[in-house]
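This is the structure, below, for whatever I ask next.
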Amino acid sequence: MIVLALILVPAFAALGAYAHRESAFRTGWLVVAAVVHAGLVGVVWAAPPEPVLGGWIAADAIGLIVLSVVSGLFLMAAIYAVGYLRRETPRGGRAFVSCLLAFLGAASLVTLSQHLGVLWVGMEATTLSVAPLIYHRQDRRSLEAVWKYLMLSSVGIALALLGVFFLATAQFAAPPGARPLVLPDLVRDASRLTPSWLEAAFVFLLAGYGTKMGLAPLHSWKPDTYGEAPSLVGGLMAGVLTSCAFLGIVRVFQVLVAAGLAPFAQPLLLTFGIISLVVAAAFVLGQADVKRLLAYSSIEHMGLLVLGLGFGGVGAYGTVLHVVNNALAKGLLFLAVGNVVLATGTSLVAEIKGLHRALPASAALLVVGLLAATGSPPFGSFVSEFTILRSAVASGHVVMALVIAGLIVMIFAGMGRSVLRVFHGDPGRAVAAHAEDIWLLAGPVILAGAVLMLGVYIPAPLGRALAGAAAALGGVSP
Amino acid sequence: MTVAIQVLVLVMVLALAPLFPGVVQRTKSLLTGRRGPPVLQLYADLAKLWRKGAVYSATTSLVFRLAPAIFAGTTLVAACLLPLDGGGAPLRFAGDVVAFAGLLALGRFALVLAALDTGSSFEGMGASREATFGSLVEPGLFLCFAALAIATSSTSLTTMLGRPLAAVWTAAAPALVLVAASLFVLTLAENGRVPVDDPATHLELTMIHEVMVLDHSGPDLALILYAGAVKLTVFGAMLVSLMIPRGGLGLIVSVAVLVAGLTAMAVAVGVVEAVMARLRLIRIPQFLVAASVLATFAIMLLLSA
Amino acid sequence: MTWFFSGVLLLLASGAAAVLFPARPRLSERVHLWLSLAGAATALVPVLRVLAGGTVEGVRFVTGVPGGAWVFAIDPLSAWFLLVILGAGVAASAYGTCYLAAEAEHGSVPFGRLVFSLLLAALTLVVTAQSVVPFLAAWELMALGGYFAVVFDDRRDDVRRAGLVYLVATHAGTLLLFLLFGTWGSHAADLTFAGLAAASGALGDSRSLVFALALLGFGVKAGFVPLHFWLPEAHAAAPSHVSAVMSGVVIKTGIYGLLRVATLLGAPPAWWGWTVLILGVASAVLGVLWALAQHDLKRLLAYHSVENIGIILMGLGVGALGVAYAVPGLAVLGLAGAVLHTLNHALFKSLLFLGAGNVLRATGTRDLERLGGLVRGMPVTWTLFLVGSAAIVGLPPLNGFVSEWLVFQALFQAGFSRTPAELSVFGAAALALVGGLALACFAKVCGVVFLGQPRTEVARAAREVTRGYLVPAAALAAACVAIGLWPWLVLGPSVKVAALITGVPRETALELARPAIVAGRWIAVLAALGVVVSALLWWLRAFALRRTSVAAAATWACGYARPTARMQYSASSFAAPILGVFGGISGVTAVRQPSSFETRAANLVLERALVPLWRVLRAASVRLRPIQHGRLQLYLLYLVATVSLLLIYLAVRGSP
Amino acid sequence: MTQIASSLLLLVVLADFVVLGTSRMSTCIRAIGVQGLLLAGLPVFLHAEWSVHMAGLALGTAAVKAVGLPWFLSWAIREANVRREVEPLVGFVPSLLIGAVMVAGSFAVAPTLPLPVQGGTLLVAVALSNVLTGLVVLTSRLKAVTQVVGYLMLENGIYVFGLTQTQRVPFLLELGVLLDVFVGVFIMGIVVFHINREFDSMSSSHLEELREP
C-alpha cells in the first residue's frame, strides 16, 4: 500500500495545490508533500513492502535507489522553492507548484513500476508535467525551449512506445502464465524470449529514453532547456528526470542481460557514452553561459552512466552509484547557480565576477559543486567515476580508458575555467544581498554534505542495495 | 707517524707553492727573449703586500673582506686531500674527490661574490666569466675523476692518484694519457693561464681572473695570489701523481720526484704561454669542452677494456 | 597512530581557529600559530620513533566505500616524508602567520591560513595513507588546498592564470593515478597497498603500463621536465610561505608516490632505471639553465626546484639500476642520496623562499634588476639567504653538499660496478655541470640582490624585517648547517629508508653503506678544518692590517671617475655568456638597445607546446559549434539518423 | 486477416503519400483525419470475433484520431490563417521519392521480422512505413502544424503495430491513443497557439534563437 501512497500522495497534493489560491499556502503544501514523500521513502527502506497491483508496482533495489534520489532531491528543491517563490512569481502561477508535485508523482511512478508499459506512462507524464515549468517565464526564449523540448522528447517517447510494443512481441514465445511486460517475468523467461524482437526493443527504447536522458547526439534540446528553465527546475530535470530515463534503459538492459544478449547492447552503450563525452568536452570549452555549461556537464555524466553499464563488471556498481552522485551534484550546482542568478540577474560568465567576495556561501557551494561534478576526490562522484574507469581497464578497454580520462580533464578544464572565473576577482557591480537566505542555502548545503559523505562513507543498507542492483545488471560489487 | 710525515710534506709543498708561478713566468720570458722577473718574485710580492695597508671601496661589505680568507682556506684544505708523498693524504675517505671539487667551488663562489660586492661593471664582468668557465670546467674535472675512479675502483684521491695507477699504466696507458691531457687543459683554465686567460694582460676588458680581483689590495691580495699559487701547485701535483706513480719509491725520492715534476709542469705551462696566443672569449668554451671530450674518450676506453 | 591523528586534528583545529573569530585577528593569529606548532610536534612523535628504528602499528577503517578498508600506517618511508613535511611545513606556517598579517588588502587572511593548514594536514595524510581511495582523497585535497593557497591574491590575472594551469595540470595527474590504480586494482583483491603489493606479481605485461602511468601521474606533481610547466608559474604567484611549502614539500609528494609505487611493484627492469636517470639529468640541466635565465626571484627559485627534482631522480635512477643489475651497494647509495636530497632540498628551498619573501616584503618587488645592495639594510636576511644559496649550490659545509656527495658516490660506484650500469658514470659529469651552473646562478642572485649598489630607491630604502619573519628562516638555516656539519645525523635514517625501498634487509644496507657513513664523519672533520683554517687566515689578515692603514675609497673603475649604480653588471648581463653557450635550449631572447641590455625567458613547454594545444582544442570545439545550430528540424534529423544507424547495427549484429 | 483489412492498410499508406505530396495544409489535415478513420476501422476487420473492448477501442480511436485532432488542427490554421507550406526544407517531389524509398524499404524488411499473428508481415510493413514517412515529414517541414501532422503519422504507425498486441496485452494500444491526446493537447493547444501569438506566424523557423554562438 505504501508504494501506492508514494505515487498518490504527490498526485493528490498536486490537485490540492491547484485548487488553492493562496500562494503561501501552496508553498507550504509543496514542502509538506515533499516531507511526507521522503518519510514514506524512509519507511520503504526500513520495511521493504510487498508488490501491489499484481506485481505491476513494487520497489526493487535499483528502483528504490532512484526513488530515494528523486525524493531527496525533490525535498531540497521544495525547500529551495520557498525562498525562490518569495523572490520570483512565475507567470504560470498556480500551475508551478502543482506541476512540481505532479512531476514528483510521475517520477515516483517511473521508479516503482515493474510493468514497462506503466513505466512508459510515467515517463510521458514526467515529460508533460515539466513542460509548463520550463515555460514559466512565457517569453520567446522559454517558448522556443519548451517547443524543442516537447517535440524532441515526444518523438523520443513515441519511439520508446514502439520499443515497448516490440518487447511485448518478443514475449509471444514466453510460457502462457507469464504476465506481459512485467519485469520479473521477463527476466525469468528471458531465455525464451525472441532474441531479434528483444534486440529491436532495446534499440528503440535506447533511442527513445536516450533522448530523454540527453545522450549525444540525441541531446540537442538539453542546453536550451536547462538554459531557459528556472534553476530549480533545471536541477530537478538534471537530477531526477535524467535518472528516471536512465532507469528505463536499465530495465530493458536487465532483460537483455538475463537473456545473455548483453554483448549486443554493450557496444551501443559504449558508443553513445564516448560520443556524449566528446560533445560535452567540445561545448564545455569556452562556454559562455553557466547554465548551459551545466547542461553539457549533465550530458557528460549521462555518457559516463551508459559507459559504466557498457563496461559491465564493477562498472555496473559504479553506474548505479553514479546515478546517486550525479543527481546530488547536479542538484547542488543548479541550486547554487540559482542563487547567483537571483543575485546578479544573469548566468553569463562574462558578466559575473568575484562571487566569493559578494556571495561567499553560494560561491563556496558553487566550487564544491564543481568539484563534486568533476569527480574530484573526496566526493562521492570520485568513487563512482573511479570505479567506472576501473571497469574500463578491467574489461580490457585501456585505450578507451585513456581517452575517457583525457576528455574528463578537458571538461574539468572548461568547467573550472568558467566557474573559477566567476568565483575569483573583484565583484564589479553591486549584487542583490538578499540572495544569501537560509531557505536558498539549506538545500544545496545538505546536498553538498550528502555527496561528500558518499565519498568517505557508504551506509550498509545502501551498500547492500547497490550490490543487489549491480547483480541485477550482471555486474559485481568491488 | 705517517700522518705527521704527510703533514710535513704538505707544509713543504705549500711553502714551495709560490715558486712555480715564478718558474712559469721565467720560462715564458726566456722563450720570448726577455730576462723577466726573478723566480722568487712572488715571495717578495707577497711579503710586500702583507706589510702594505688595504683600500676598501665604500660599496663593499663584509663579503669582500671575508672572501680572500675563504678562498685561501678552501684551497689549502683541498691540498690536504692529495697524496703528496705518493703514499696517502693526511685526510682521506671514500668520496673525498667530491669534497675536493666542492672546496674549490666554495673558493670560487667566495671570489665571485666578492667581485660582485664591489658593484663595478669590470669586476662583475670578470665574475660572470669566471662563473661561466668554471661551470664548464667542473664537468671536465669530474670526467677525469670518473676515469680515474673507474681505473682504480675507488673514489678517494689517495687511491685514485696512488699505488694502483702503476698497474693501470701497464694495462690502459692510452686512457691515462688522455686523462692527463684533459687535466692539463683544465689546469690552464682553472689557474687563469693562456690560452684561456692572460694574467699579464693590461686590458681589463680581456681579463677574467685578474679583473675579478681588481679591487683587492694589501693582505687580501696577498692571500689571493698565494692561494692562486697553491691552486696551481695542487693541480700540478695531481698531474705529477697521475703521470709518475710513486708507489714503490721511498719518501725522499718520491718527494723529490714530486718537486721535479711540479717544476717541469710549471715549465710546460710557461712554454704554452710563450708559444700560444690567448683564445677569443667565444672560443674558450669549445676549448674546455674539448677537455671534457678527451676525458670521455678515456672513460670509453676504460669501460671497453 | 593516536599521536599522529591528534597532530593532524590539531593542524585542522589551527585552520579552524584562523577563521573562527574574525573579530579578533590578533588572537586568532596567535591561536593558529601555536596550534599548528603543537600539531606538528605531536605528529612528529611517532615519526621520530619510527626513524629511530621503532614501529608504529597502523589503523584500519571500514567505510563501505568500494576498494577495501582505509588503512593508515607509518613505515620508514612515510616517516621520512613526514619529517620533510612537518619540518619545512611548520617553519613556513610560522612564517605565514606573520607574512599574511600584512597581506590583508590582497585577500582574505583567515581563509589563507585555513587552506594552508588544510594543505599541511592533507600532506601528512598523503604520505600515511596505505590504501588507494584515502590516498587519492588526500592527494586531491592537497592539490585543492595548494590551489586556494596559491590564488590568495586572486585579483591579479597572472595569479588566476597560474592557479588554473596548476589546477588543471594536477587534475590531469590525478586522473592518470585513477588509471594507474585502476589498472593495478583490476588484478588485486582489494585496493589497500598490501593488496596491490600482493598483486604486483600478477600484473604481467601491464607492469610497465603501471610504471609509465606512475611516472606521468606523479611526475606532474614532482614537476620534472617536461611536466614542470605549471611549477614556476604557480610557485611565483603564491604568497612566499606558500611558495616555500609548494616548492619545498608539495612537489616531493610526487617523489613519494614514485618511491611508494616502486616499493609495491618490486624489483624494476633496467630500462625503468635508465628512463628515470635520463629524465633526472634532463630536468637537472634544463632546470638550472632556465633558472639562470630568470629575473624574477621567485620564478628563478621555482626553476631550481625543477633542477633539484632532477638531482633526486638521478639518485633514484642509479639506485633502480643498482637493483636491476643486482648491485645492492649501488642501490642503497643512490636511493639514500635521493631520499636525503629530498629532505635537504625541502630545508634550503623553503629557506630561500622565505628569504625571498623578506626581500619582497621589504622592497615590494621580485625583479632582480630593481634590487641590489640589500646587504646594508637587511644583514640577517642576507646571511640566511647566503646559507641557503651555498646549500642549494651544494657547497661544503652545508647539507646540499652531503646529499649531492652521496649521489656522486653512487654514480662513481656505478662506474666501476662492472655492470651495464657503468654508463651512468656520465651522470656525474652532468651533475657537476649542474653544480657549476647553480653556482653561477646563485652568485648572480646573491650579487645582484644583496651586493653592490642599490639599483632603485626601494632597494636603497629596504630595512630588515621583524623577528617573526626571521626566526623561522633562521631555524631552517640552522638545520641546513647542522646536517652539513654532522651528516651522520641523517645518513643512518636515510639508509634505512633506502633499505625499505630496495628491499635489502636493514642490517645489510647499513653494512653496505658503512664507508659512506664513516666518510660522513670525515666530511665533518674536513668542514671543521676548512672553517678553522679560513678563520685563522682571517685573523692573520686582520692582525696584519692592524699595523697599517685601512683607507676607504670609491670602487676602482679603471680610471673612470664616478661609477653609478646603473653601470653595475645586471642579472641579464651576468647570465648572458652562459646562456650564450647553450643557445636555443635556454629559451632566452636577448633584447639589445644602445642604452640597455636585457634577456627575456620563456616557459618553453607551456608557451610553445601547451598553450598552442589549448588553442587548437578551442578552435576544434568552435568548429563543432554548428552542431548546436538551433533549428529543430536539424535536431530531429540527428534523431532520425541515430535511429537509422541503430537499425543498421541491428540488421548487422542482431540475431536472426 | 480479411481482404478489407489489408486494403484498409494500403489506404493508410496512401494517406501518407498524400501528406508527403501536398502543400495545402487543409489537405494534409484531411488526409491525417482519413488515416485516423481507417485506423479506427482496422481492429474491427482485423480480428474476426467481436468484443466490447474492440468496439470501444474503435470508437475511441475514431473520436480522437478522426474527429478531435483534425478539428483542432483546422482550428489552429484558421487562427493563424496559414494555408500552404511554402518552401519546405525538402521539396515535395523529393520528399515523395524519399517516402517511396522508405515504404519500399519497410516492405522489404518486414518479412524478416517474424510476427506470430496472421498477416503480421503486412502490419509490420505498414507500421514501419508510417513511422518513417512521419519522420520524413517531421524533419522536412517548417510549419509547426505540418510537423504535428508528421508526428501524428509516426503515432499512427506505432498504433498499427500496436494492433498486433491487442489480443494479449490489455490496453497497450490505449496508451498510444492516450499519447495522441496528451501530445495533441499540449503541442497543439498551448505551444502552437503561443507560437502563433508570439510571432504571429506558425513557422517554427522563427525558433532559432537558442543556439551556440
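So that you can tell them apart, the chains are marked A, B, C and D in the order they are listed, and the count of residues begins at 1 in each.
We adopt the following convention: contacts are C-beta pairs under 8 Å (C-beta built on N, C-alpha and C of every residue); 3 or more make two chains touch, one makes a residue touch a chain.
Model, not experiment: these values are computed from the prediction.
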Chain grouping by contact, computed as though subunit C were missing: A, D | B
From subunit A, the most remote chain by mean C-alpha position: B
Whole-Å separation of chain centres (CA-atom averages), subunit A against subunit B: 78
Gap in Å, rounded to a whole number, between the CA centres of subunit D and subunit A: 31
Centre-of-Cα separation between subunit D and subunit C, whole angstrom: 69
Geometric centre distance via CA averages, subunit D-subunit B, whole Å: 100
For subunit C, residues that touch 2 or more chains besides their own: 625, 627-628, 632, 636, 639, 643
Contacts with 2+ other chains: residues of subunit B: none
Subunit A: positions in contact with at least two other chains: 147-148, 151, 155, 196, 200, 223, 283
Chain-chain contacts as defined at top: A-C, A-D, B-C, C-D
In the complex, subunit D residues that touch subunit C: 89, 109, 135, 138-142, 147, 204-205, 207-213
Residues on subunit A engaged by subunit C in the complex (per definition of touch): 147-148, 151-152, 155-156, 159, 195-196, 199-200, 203-204, 206-207, 211, 217-218, 220-221, 223, 261, 264, 267-268, 279, 281-283, 285-286, 314, 317-318, 321, 371, 374, 376-378, 382-383, 385-387, 389-390, 392-394, 398, 401-402, 405, 408-410, 412-413, 416-417, 420-421, 424-426, 455-460, 462-463, 477-478
Subunit C residues touching subunit B - in the complex, by the definition given at the top: 372-373, 375-376, 390, 393-396, 401, 404-405, 408-409, 411-413, 415-416, 422-423, 425-426, 428-433, 435-437, 439-440, 442-444, 446-448, 451-453, 515-516, 518-519, 522-523, 525-526, 529-530, 533-538, 540-541, 544-545, 548-558, 563, 565, 567-569, 573-578, 580-581
Of all residues in subunit B, those that touch subunit C in their complex: 50-63, 66, 68-70, 72-74, 76-77, 80-81, 91-99, 101-103, 105-106, 108-109, 112-113, 115-125, 127-129, 131-132, 134-143, 145-146, 149-150, 153-155, 204, 214-215, 218-220, 223, 281-282, 285, 292, 296, 299, 303
Footprint of subunit A on subunit D - complex, ascending: 113-116, 131, 135, 138, 144, 147, 151, 154-155, 157-158, 161-162, 164-165, 168-169, 172, 175-176, 178-179, 182-183, 186-187, 190-191, 194-195, 198-199, 204, 207-213
